[in-house]
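Contents: one structure, followed by commentary.
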Amino acid sequence: MAKTNAGRFFEDYKLGDVIEHAVPRTVAEGERALYHALYPARGALYSSDVFAANCGLDGSPLDDLIAFHVVFGKTVPDVSLNAVANLGYAEGRWHLPVYPGDTLRSVSEVIGLKQNSNGKSGVVYVRTRGLNQNDEVVLDYVRWVMVRKRDLDAPAPETVVPELASAIAAADLIIPEGLDFTNYDFTLAGEPHRWGDYAIGEQIDHVDGVTIEEAEHMLATRLWQNTAKVHFDATNREDGKRLIYGGHVISMARALSFNGLANAQMIVGLNGGAHANPCFSGTTVRAWSEVLDKAETDAPGVGAIRLRMVATTGGDPFTLRGDDGKYLPHVLLDLDYWALMPL
Amino acid sequence: MAKTNAGRFFEDYKLGDVIEHAVPRTVAEGERALYHALYPARGALYSSDVFAANCGLDGSPLDDLIAFHVVFGKTVPDVSLNAVANLGYAEGRWHLPVYPGDTLRSVSEVIGLKQNSNGKSGVVYVRTRGLNQNDEVVLDYVRWVMVRKRDLDAPAPETVVPELASAIAAADLIIPEGLDFTNYDFTLAGEPHRWGDYAIGEQIDHVDGVTIEEAEHMLATRLWQNTAKVHFDATNREDGKRLIYGGHVISMARALSFNGLANAQMIVGLNGGAHANPCFSGTTVRAWSEVLDKAETDAPGVGAIRLRMVATTGGDPFTLRGDDGKYLPHVLLDLDYWALMPL
Amino acid sequence: MAKTNAGRFFEDYKLGDVIEHAVPRTVAEGERALYHALYPARGALYSSDVFAANCGLDGSPLDDLIAFHVVFGKTVPDVSLNAVANLGYAEGRWHLPVYPGDTLRSVSEVIGLKQNSNGKSGVVYVRTRGLNQNDEVVLDYVRWVMVRKRDLDAPAPETVVPELASAIAAADLIIPEGLDFTNYDFTLAGEPHRWGDYAIGEQIDHVDGVTIEEAEHMLATRLWQNTAKVHFDATNREDGKRLIYGGHVISMARALSFNGLANAQMIVGLNGGAHANPCFSGTTVRAWSEVLDKAETDAPGVGAIRLRMVATTGGDPFTLRGDDGKYLPHVLLDLDYWALMPL
């Protein structure tokens, strides 16, 4: 019996399968420091224990995207090792902040299957939950990927495509217990703009850019124990390029968006997302955002803001799709998320 | 209203302005480990809790230059985003060691202004203090930078050039409470040379060199939340080069100076410094030092040594300036600091 | 007197010399996070406090190779600064797990000397012990290196070549106190293969590959405070290449071997090892293993497995030496070690 993991193929997934992903991970101050080294992250709530305590939390949590990447990384060997494409995200919610010392693991349920008409591959929908050492959910989200078939003669499963919300309803967002922005320090946070200063439809060019190196995206991707070989092995593609993990682009764009969105402190919802074009080393990543929606919350001083975050390689900001409806070549990422912001 | 930060221009500074810089930062074991990964740092006091406790401290502090870079990094968005040049440092003192778990923030006061005769820019002098979570000063220093004007017609401010000491007087150096080198372990520290073994005027070639990569200096500069785009964005300059943060060169040279100055353990004063020439990826950084002064202190077994530390790209060691008085092309850095050394 | 360390030459070693190596080091969560960023390490015992506690330990130790690299790194300035070649390892044993907060130092004894017939160099054998803050041995091993003579006229020492075991006897392996694999969670560990599933002589191709960048191996090598200039200074060799620290290849191969050996959790013995060919940046490192031996232990549910781990640059897996008995050009490393695995 071969002892190495060749990954699952499309016919290996059954509707309702629950996959316990391997290698739980304790995250701590080291992961936080590396996040600050890898991305120009400046969110005060994730940088300072004192600032976070002043917002009602038990010290500074690890960045919400650290939680996402760690939980996501664990699913790769079971979900996307043979994936042709990462097609989308939906219904993502952060349930609990992750603090240094927490141990995370991931569990996915297969909630949809649809073989492609070419018979060579299919789409697998999974709902993934990240759990901490107390078996509490810290994060959950739906992801769907296109996976190759091993055996082209394997029968197609019954097609089940889950109904997915186009966005998390504001009322369903989970606000961390104790969060209170009534004493929020805008000076220390870095910008004066509060929830009321943002208008639906407003667009922000985040101005700055970062040119990405091979060593950096590999350090990041390994840190999340993401094993997809396309990110690490230069002999894997004919052109000798290593594909940059889409999550690296998400974190880079999010960090760049500090300049204009410094007070969009906590990510609480992931409504959708597409990796529009592949990203390679040497690219200078830029970002712009658009305010899609706003909502009040029950927490004192806390508003919710729904943002489209677009990462690009340059090009005109605020351009997204061509006349054919397809993403323009300079668009790397189109992400739709909810964040919490002081009123 | 544009929500992004375009930085301040010369006419935006007023004498006596106090700027509270954004994004406080909790530093911990992760920053320490990264410092050891980024620089060949071997100072025993900053490497071992046991060694530091044997010197009378509450465990190993974070490297003095971690404190400096974090405090400095916070000032960049307010002081040097539109700087043409970082002109100098003076009157820098370390007041308190920084321990894992401490939270640092920065406050600067404008103490001098002088418009250049060309009317296009001016020199801004600031005194920056780094404060911890107890509002204690951990570090302060004066820096002056040349900043562009936004509006060339803005009136010139009254010229005020602060009087700055050419060096911190030895009597004004602050020795960390409890520091005691009477049981200092020279074997574990790595070299036998004590304070008495160094003579004023003595020069030391630190022999070793490190070739710098893009990924490394960007990891370092982000770690200190320094946002200056010249360090990150390869599209920013016509030649496609990223300028290496001067503080990366300071830390590299300081770490290289272990070889010959292993017992110059703690930096307590920054008398002056010039970034003589820009540094780019691919450069092999080397260093030499010269003993400028020596002084006794009140702490048991502790002497102070004033050092010139010169980082170079090679060339003859101990050469600094040409006949025209200008720094030679191979000189990157000329730094003048006080360190503490066992008697 | 020159204050810089030129390293020891062959004639500087005397049989029985005990060398206390400099710069003790406190290791913590930061080193753990960096290890996960530098290598695709996925061993559950070293990733999760919860998993490790379930195996009877006081939380997750730092990777056994972190302990090895830190202890090894301290010996470099005294043992291998003028080494022509790192010839071999033997009789390595891990005595105690290393936990975050532990402080490590190294002591070596010269146990053998043999001048080469050319009179220009000689072989030095040292037994190195790594000690923690309680002066307990955490690791010991024998290493021998070829070192240049400074003075070719220095008399040859009496030749003493220590008798070294070709492998640690299974009965001499030290099992960490409390280790208990009876409740081992194979799902969370990532693979179902237990000790009984491996046969002596079995070979495993670990499939994956990682292409190495300059920044990465330098970050790693500095992290272990290894000062050998060949790893850092691109001007040191005529071809401008930086030689990658052999330990970087060891850790990379060990991490890649997760795929097929996920349950070979703890390294407890180092029987031997050769760095067969030099490794440079841009190389895609791959690995294969062979089961050399198996043994039972006294600890509940714990078996020992002796493995040959071979790192390569590609080429046919399971090929090692040519007809001339020499390592094939694509072989980087041939390491022989004992690991602990659930029964």
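As written, the chain order gives the labels A, B and C, with residue 1 at the start of each chain.
Criterion: a contact is a pair of C-beta atoms (placed from the backbone, for glycine too) under 8 Å apart; a residue touches a chain by one contact, two chains touch by 3 or more.
The model shown is predicted, which means the values in this text are computed figures rather than measured ones.
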{"item": "Rigid-body rotation angle, chain C and chain B, from Cα fit (steps of 5°)", "value": "120"}
{"item": "Same or different contact residues where chain C meets its copy chain A, judged by the half mark", "value": "different"}
{"item": "Approximate Å spacing (C-alpha centroids) for the pair chain A, chain C", "value": "36"}
{"item": "Residues of chain C touching at least two other chains", "value": "28-31, 33-34, 213-216, 219"}
{"item": "Touching residues on chain A, where the partner in the complex is chain C", "value": "1, 3-5, 20, 22-26, 28-31, 33-34, 77, 100-101, 103, 105, 133, 213-216, 218-220, 222-223, 225, 227, 229, 232-236, 242"}
{"item": "Footprint of chain A on chain C - complex, ascending", "value": "28-34, 36-44, 47-51, 60, 187-191, 193, 197, 204-211, 213-216, 219, 259-262, 282, 284, 314"}
